[in-house]
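The following pair of complexes shares a single chain, chain A, combined with chain B in the former and chain C in the latter.
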Partner chain A sequence: MTERAHRPHPSLDDPSIAIEDVLRESIVDAVPVARTEREAEFYTLGDGEMLLNMGPQHPSTHGVLRVVLKLDGERVVDIDPVLGYLHRGVEKLCENADWHQAICYTDPLEYVASLFCEWAPVMAFEKLADVEVPRRAEYIRVLTGELNRIASHALFMGWFALDLGGLTPILWSFIERDEMMDMLAAVTGQKLLFNYFRIGGVNGDINHEFMSRLGDWMSRAGAQIEANQGLLNENEILVRRARGMGVLDGETAMRMAVTGPNIRASGVPFDIRRAHPYSVYPELEFDIPTRQEGDSLARYLLRADEVKQSLRIIDQCLHQMPDGPVMASVPRLIRPRPGRAWAAVEGPRGMYGTYAISDGTDQPFRMRIHDPSFVHLQLVSLLTPGNLIADTMAIMASLDPVMGGVDK
Partner chain B sequence: MDRALRSRLERRFGDCLLAPVAQRHDQTEIRVSAGDATDTIRALHDEPDLHFTLLADLAGVDTGTHMQVVYHLWAETSTDWLRVVVDGLDREAPRCPSVTFLWKGAEWMEREAYDMFGIVFEGNRDVRRIYLPAAYTSFPLRKDFHLPDDASRSPGRGVRPMEESLPPRDATSATNLRRAQAG
Partner chain C sequence: MSMAVVTWQRLNVVGKILAIAVPVLIALGLVTVGVAILAGPFAIEFVGDNVPLLRFVAAIGAVLLLTIPTAFVVIFMELKVIARMNLRVGPDRVGPYGTAMSVVHGLKFLSKEDFAPLGVDLQVFTIAPVVVFVGSVMTFLVIPFAPGLFGLDMNVGVLYLFAMGGLTVVGLLMAGWASFNKYSLLGGLRSAAQMVSYEIPLTLSLVGVVLLAGTMSLNQMVLAQSGSIADWYVWQQPLAFVIFIIAGIAEANRSPFDLTEADQEIVAGFATEYSGMRFGFFFFAEYVNVFVVSALIVTFFLGGWTAPFDWPFPVAVAIDPLAWGVGSLVAILALPVVGTLVLAAPFWLSSRITTLQALVIGFILFNVVAIGLVLGWAFVSLDWVSGLFWFFAKSYVFVFFFVWLRGSLPRVRIDQLMGFAWKWLLPAALLNIFVTAAAIVIVNR
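Up next, the complex of A and B:
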């Protein structure tokens, strides 16, 4: 935490210090010199309170996240997430790559639904370079994107159950997800980090293997998803541990800059696909499911509703997709005229955004990546106080953060 | 482009804008100084004909001569994204008022801007590093922080000793230490 933590303990030099003193001191020693108001508040311990470090390699922190818990017995009083264990400096790397290369750096940010991380920068670069995307390419983007959304939500349901102590659903989720990943691998050539969207279109047209797999899957997807949810939706342990936990109201959600399923589960029907339409979403018919409760269970059930809407969108894409090229003619080296562009897309976790500045050269001058997981992780210290440690993890899981995006 | 929004903004904030309202594609951009930032953003958030209630993003920018803080806002009243650029922050000691009184969720975004650019947000109660360790001393997204990567065309390429290959006989820790200090 501070430099003090890295220095050897003074008792190593001085054998006269008793072990009891060392133990008593080490708790105080873990409290750093407060640098901010909030830190002073957090690291001032009240009567009977203690600090507990959890992570970074804790299985239920979804990646490498460290949280410092302030506890009163088993109850969480306050929580301070410590980030940076996955920080790679993607924004700086993008400034040192050319416009096309920058897209592949954004891929591993959100390794669960990486098409959406590509989509936002690609859209921003297209606005900067004034590129018109062919309609077939837009339909392919929506089609593959919605497939990726279902794959991401499927994994969320397994993770959520895993954090509540159930192992079976995550195994089922991976079976479910694997089918969709295989389909996307057939069209993109990659199974995890697709790197499929390009400035001006997509890397290749959809092929026969993809279509046959998709047709096969679509014919049984609805029933299969219902069956998998039957395992969870009426599971009494899941429902009782999720209902009424971590309640977030709509007003607070707006103030916390929350987007995506988490804000819709609090009753705010904000979805960028409708609020600020992009691509071909205005031509497609789908609903924005919302729920009023704002608790963990609502966030879980809302994602289940979204999967059904995504299936509707995929079905319409398959029927409406026009023929034609999938790439606009864009040179290998582009130099957009100086300017600024912002683009945002609705991903499975919320809004992915990119703010790109061009200075007229072949490299971005500045590229800002906005990731919803980063914003949503702030909610943990708002929603969890007063709950048990085990429920803290359940609430965190219901917000569905992915650490690759949090840490950039 | 939302022409109506443009005239609304010009009418409301005309005297404190540093540049004319800029519009391109689906974005409208206004520029204000750090002194006017709080009032402008509060008005954008509160007034019913503007009502930009959703903070989409907060980003720091180093232009090489000065610093900026860029907000992207969304409102039901407009079809455009609104970009508010708080311009002309001093590059040596950038300070900007915080928007955490409107959006508490901006707290971590401001921490990130501090971590990457050293911009201090007045009114944010938790301005400390978020990604990098507390003992770190530089601000990596500033334009004078060069990546020692030969693959990029960064001005910093090849200047760091760690990027040079050492012949085995030189590869003692003492030599490395000297080289690092010299670099």
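Up next, the complex of A and C:
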């Protein structure tokens, strides 16, 4: 009756013991238990080294990436990216939705350029279901896709400058990106996650508002992009911080399965739009810009070059677009033949691929999504050791990962 | 209930206030008179004996008070100017054009919890913001704002400035160490490395100015530059001017040298674990520092409070009201009424404005005109008013310059920062000293 069954901590009964003191005693350098050889090596500190936990809430880790840095003073000795803070199990979700519904699950994977995450599964599903896409729909896909690519690259330039400490470029590029997002919202109905591509076409034809805004924007896009880049490209501080930083040679890039602007900045002219042509890209004229240096500056400048090519493609799309339907006749509920299909598109960050297996039912049996950000994030631990903390940001930002796609 | 309680309850609010205030005021007045009669002679004697001491105390009080509006103005400029550069609007909700935003910032800091995380070294953690704040505020003491308007005319003013600058480093290092946070530690170490390195070219660049002026007192330096725009030291010391600006930006921890609080790299540096008014002190000190560096640039190189040109036409505006006679004084008393009516008349004629509105407009316009006239008269006839005007005008040009840099430049890296100080600024400052000394010897021969 008088004795309590569970005695709480003495500090709760004894006012002379402050809970802060008890807790302060318990603060120790908590080193996680190593599960692999690599972890055992990483968490063994040498003389004068310390671990710095950066993220998942950190101003410049692009969402919820967590990296553990092993530091010797300001110098990064080793780096360990920790993923999974944004994991939603998209691939499993897709297996429990029917073929049409799966598209909107893949949409928020890559929230910066979400049209490309729709494009790859849609193409894979079309291969499985033998659907012929109308030519006008293909042109609209290319047109909106390239617009989205410019929006993504514009945002990249702002983020890159912000990670190097510049305040203004991010806001300037958001103005441009907002204009493009508004255009896409006019035609797709949503501003960020469009959910526009459908199996067999697109959800609705391009409309008057889209065309008038696009015409308006195209007439000043070139000059505007030049002006935004003028703030950065010839900036001595930016160039000095990015040049020679995180050099990735073409051989390593190919070995690490790097795609997109990152591999083209290393001198490998690999672009899925030309290497494995899809949609109406064979009918369009554009160059594949490459750069030989493979450093952060090259990766930044290459994206600036790509914006110009995308503007060319949009211009051609507007001139060559045929009339006709934008949607093939596809039933509400499709049951593709049993089989498997792979489709890949060239997104602003690299190759977005979808590998879908059908067992003949109305739901995918298995879906695998290949995301370029995940592949590129592996480069961080390859490129950053030996540089300073500030360079970690310059390198990570130039690889342009989006955590939504990394964690899926 | 007694009579007193009933009477008290029957009073309204104003009556209650008066019933308390009047006896209290009478009592206070009696006490004051009594104290003045008893202690008056001693007080007068004390003041007469200790004029320098009291002046010093008054100066420190004025300096502490002056930092508040200074920091508010600089913060408001930072918010608004960077917003315009970012193609944003900036604060526009609090006060006209958002001018009260900084005041609200200050109130927000005051109303926050005074929080110290677990594991911090509480004494050092608490003292550190104060040290930083004192280090930046006390530099105000030797800055001459106008002729005769300075806290203390120290004959080692320049040395005092750098001693106070050194205090800031100690404070930042304390904050970095005491915070029990690796980001703070990195920030504190960065600040130590950066500010110690940049203090050397900063100090050496001033040696040329000290050689030219022949004194280390800031007031004497300004007096040595008075005359015309051609007497400013910026023309004789252009290299030192550039070095001082660059090193001053680094000393004030401003972009592009704001490595101690590089939020993309080390979150907020030394201030990561600080919140509430403790952080407010850092925040305050940073913006006071911006103004101090601008003021020092102006004092050393751009003539301080001296006007860039003489007032082009002579004006005799000495006022001697006693010689005017009763009629003129009555006319002056009638001036506000007449002025208001005259200025209201054109608005009153408009059919859309009522008489009352016209009178209000006339009153406001009269106030604007009258204040403008008084300020103009003061500017022309009182040299400390024009001195203040020129001093603040020049200083805020540099504050704007610092804000402009922050809005347009990325941040340099720590090794580039250190390399720049030791490989470029230091040799340039030494070169400047030798050239200046040689020139002085040759000219004086």
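To be clear about the criterion, the second predicted complex is superposed on the first by the 378 of 408 C-alpha atoms of A that agree within 3 Å, B and C clash if a C-alpha of one lies under 4 Å from a C-alpha of the other, contacts with A are read in each partner's own complex, and residues count from 1 in each chain.
Just so we're on the same page, a contact is a pair of C-beta atoms (placed from the backbone, for glycine too) under 8 Å apart; a residue touches a chain by one contact, two chains touch by 3 or more.
Keep in mind that this is a model prediction, so the values were computed, not measured.
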{"item": "Touching partner for A:L192 - first (chain B), second (chain C), both, neither", "value": "neither"}
{"item": "Contacts of A:E74 with chain B and chain C, given as first, second, both or neither", "value": "second"}
{"item": "Larger contact residue set on chain A - chain B or chain C", "value": "B"}
{"item": "Touched partner set for A:I237, first chain B, second chain C, both or neither", "value": "second"}
{"item": "Partner chain in contact with A:A227 - chain B first, chain C second, else both or neither", "value": "neither"}
{"item": "Overlap of the chain B and chain C footprints on chain A, listed as residue numbers", "value": "none"}
{"item": "Chain A to chain C touching residues, read off their complex", "value": "20, 23-24, 27, 50, 52-53, 58-60, 74, 161-168, 171-172, 175, 231, 235, 237-238, 240-241, 388-393"}
{"item": "Of all residues in chain A, those that touch chain B in their complex", "value": "1-3, 32, 35-39, 83-84, 87, 89, 91-93, 95-97, 127, 254-259, 270, 275-276, 339-342, 344, 351, 353, 355, 357, 363, 366, 368, 370, 374-375, 377-378, 407-408"}
{"item": "Residues of chain B touching chain A in the complex", "value": "24-27, 29, 53-57, 59, 61-62, 70, 72, 74, 76, 79, 81, 83, 102-109, 112, 116, 125-128, 130-135, 140-141, 145, 147, 149, 152-154"}
{"item": "Chain C to chain A touching residues, read off their complex", "value": "82, 85-88, 118-119, 182-183, 186, 190, 255-256, 258, 262-267, 406-416"}
